[in-house]
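Okay, so subunit A shows up in both of these, paired with subunit B first and subunit C after.
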Partner chain A sequence: MTDVVVPAGLWSETDEAAISSWFYAEGDMVSAGAVIAEIMVEKTSFELLAPASGSLHIAVAAEVPIAAGDVVGRIA
Partner chain B sequence: MQCLEALADALAPGVGVEPGAGEAAIAEDLVQLDRQLAREQVGRAIRLWTNRQCLVTTRRFSRMENFTLAASASAARGWPVHVRASGGTTVAHRPGMLNVSRYETGLAGSIDIAHHFEEFSLWLARTLRSIGVPAATGAIDGSHCNGRFNIVVQGRKVAGTACLLRQRHGWAGILAHATIWLDGEIDTDIAAICDFERTLGLVADYRGEAHMSISDWWNDRVQRR
Partner chain C sequence: MSSPEPSTPPSPSRRLTIARAMAEAIGQEMDRDASVLVMGEDIAKLGGVFGTTTGLLDRFGSERVRDTPISETAFIGAAVGLAASGMRPVVELMFVDFFGVCMDAIYNLAAKQSYFSGGQVQCPMVLMTSVGGGYGDAGQHSQTLYATFGHLPGLKVVIPSNAHDAKGLMLAAIRDPNPVIFMYHKALQGMGWLGTVQRSITDVPECDYVVPLSKARTVREGRDITLVGLGLSLHHALDAAERLAREGISAEVIDLISIAPLDREAVRRSVGKTGRLLVVDDDYLSYGIGAEIIASVCEAGIPLRAAPVRIAHPDIPVPFTPVMEHFVLPDADKVTAAALTLMEKQTA
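Presenting the complex of A and B:
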């Protein structure tokens, strides 16, 4: 099981961030390095990459506020 | 056309303006960004381009339940809808607008995206001022795709900006881009955006008078003389 973690150091802690879209559904198979979600901070989008290959479990839904270091999903 | 040439020359001397063909012109931004990333070195490139009439929306909006319906209805009105990877909301493209795309790469972790975004917007404003247009940056109430890094002239939005950060193999690539209104019917553009976003189910209450083209500014200036 590998955590999908929101990367740190990309935006200020005072800025609001949220996953704007998951590009895969719960249980989908993903490949390491694939863009699995998009994080939106103001008008910048950040691509979230799969840290491993396997089945995606989504822990945080789109539009829910997130912060650096949060675990937003897992890959089994 | 003189405005386009003057601005293009001020932004990137010798680069030239590519005439775009709808979706392919938008996709070219990612091709260029990936090409820059594949070099795995610090670098920067600029692309200037125009496009056919269309709306360009975000991946987020493209996954909304009513997207197919809204995009079909918009296309039937003469505004086909394409999807981009950068942030923000829906924008219009058409002849009479200049698109500015800047691709920058550096080691992952070495790029401050907020600083980069601000610097890009300040560069655009500074360049406009260099050709006599009194541009600044800031948010404008009632403007579409609003944000603090809009390019603004006399309190009205003349350009929107957005960014994408993509990471590959330890390198980060930033696409920063802007669409600048040079001339044409802004009210028509804003109506097309509002119609599309309302069909998506969004509240879209953008006002044409919150925006301005460079040509509008010029004509206003001449009339005041």
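Presenting the complex of A and C:
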């Protein structure tokens, strides 16, 4: 089980961030390094990469505010 | 951890949004063909407000990826000239609603270049433009205007419903010797603030491939009724088809993909089988895609088991307030209800 963590240091902490879309659905197989979601911050997008290969569990849905360090999913 | 074996990614291998698929296609073609360049408002540093050019400035530099002033008249006019001079410009009209100030370049210059020069001067340009509402952006940022562009000879007009088609259509559009209007629906771009239909995020091959600019596709087989959609409305039709299946109704769903030329044969074949037709369009109703498709079926003398039906936006500007906007925009509920009514009205 590997946590999917929002990367730190990419944008100012005062900016509002949210996942704009998950590219995979709950339970889908993903491979390590694949882009699994996009994070939107002030009209700029950042990639969220799979930290491991396996089955994706989504913990935080799209369009919910998130911050660096948040666990937004797990890969088992 | 390292392995000498190349890792085989589990299936599905790689997914993209329509926005990323468009950017990937443009980038691949810029790699392959030095005459391809991109211009538009906020397409360089920002990567396009709808994500269509993400990463291109870093890869290709500001000579080939140019932010322009807010003058569609100037940069879309310039694109027609570039295309006549051997370049292959991809230009972004940020919202299709802004076409008024650049329409002379589009329909009088670009669309007629090949005809007026006896084919001696072509116009290999792509005009990509966002369409559609549903997020409270009011009447000057929410239109689709499919029929406005589809009506004009000399323009090919396409709209993808998913990322796979977006990449293949973009590659085909850039390689086409004549102007292509590449529309993309804001609600399918994968931008959070606009919402995204999950079904539009698909596996996209990394390789080079084209999707034909002139072909519709049957995306769901059925026996009882044909639902025709495009872009976002294709997804309304697919959602409705799933609900209709639970009512025992087998709906065939056609993704139009191409507005011009219109693949009339694909629709006729399907309606020839089902005998019933419902067109789902989010453009204005009158003189629209629904009318054209229904006429195409009737002209061919296809026997119908019920009068054909079209769903579209009524002939008023797109309302601002969400309550009113969603009241008039098509959705899966409206498509399902219209299909059920159509099924009941069948002639004996």
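Assorted remarks:
One rule holds in what follows: the second predicted complex is superposed on the first by the 76 of 76 C-alpha atoms of A that agree within 3 Å, B and C clash if a C-alpha of one lies under 4 Å from a C-alpha of the other, contacts with A are read in each partner's own complex, and residues count from 1 in each chain.
The definition used in the following text is that a contact is a pair of C-beta atoms (placed from the backbone, for glycine too) under 8 Å apart; a residue touches a chain by one contact, two chains touch by 3 or more.
Note that this is a predicted model, so its numbers are computed, not measured.
Following the overlay on subunit A, a clash is recorded for the pair subunit B and subunit C. Within the superposed three-chain model, A:31 lies in touch with subunit C and out of touch with subunit B [touch as defined at top]. When the shared chain is aligned, no partner comes close enough to touch A:67: not subunit B, not subunit C.
With both structures placed on the common chain, the touch criterion links A:10 to subunit B but leaves subunit C unconnected. Residue contacts after overlaying the shared chain place A:76 against neither subunit B nor subunit C.
Applying the stated contact rule after C-alpha superposition, one finds that A:49 touches subunit B and leaves subunit C untouched.
Note on the superposed arrangement: subunit B collides with the subunit C stretch 184-192, while the other options among 4-12, 112-120 or 184-192 stay free of clashes.
Comparing the two interfaces of subunit A, the one with subunit B and the one with subunit C have residues 20-21, 23, 38, 40, 43-45, 62 in common. Of all residues in subunit C, only 7, 9-17, 46-47, 49, 51, 54, 190-193, 195-196, 198, 201 touch subunit A in the complex they form. Residue ranges on subunit B touching subunit A, taken from their complex, read 58-60, 63, 85-88, 109, 113-114, 117, 145, 147-149, 161-167.
Those residues of subunit A that touch subunit B in the complex are listed here as 9-12, 15, 20-21, 23, 38, 40-47, 49, 62. Interface of subunit A with subunit C (complex): residues 18-25, 28-31, 34-35, 38, 40, 43-45, 53, 62-63.
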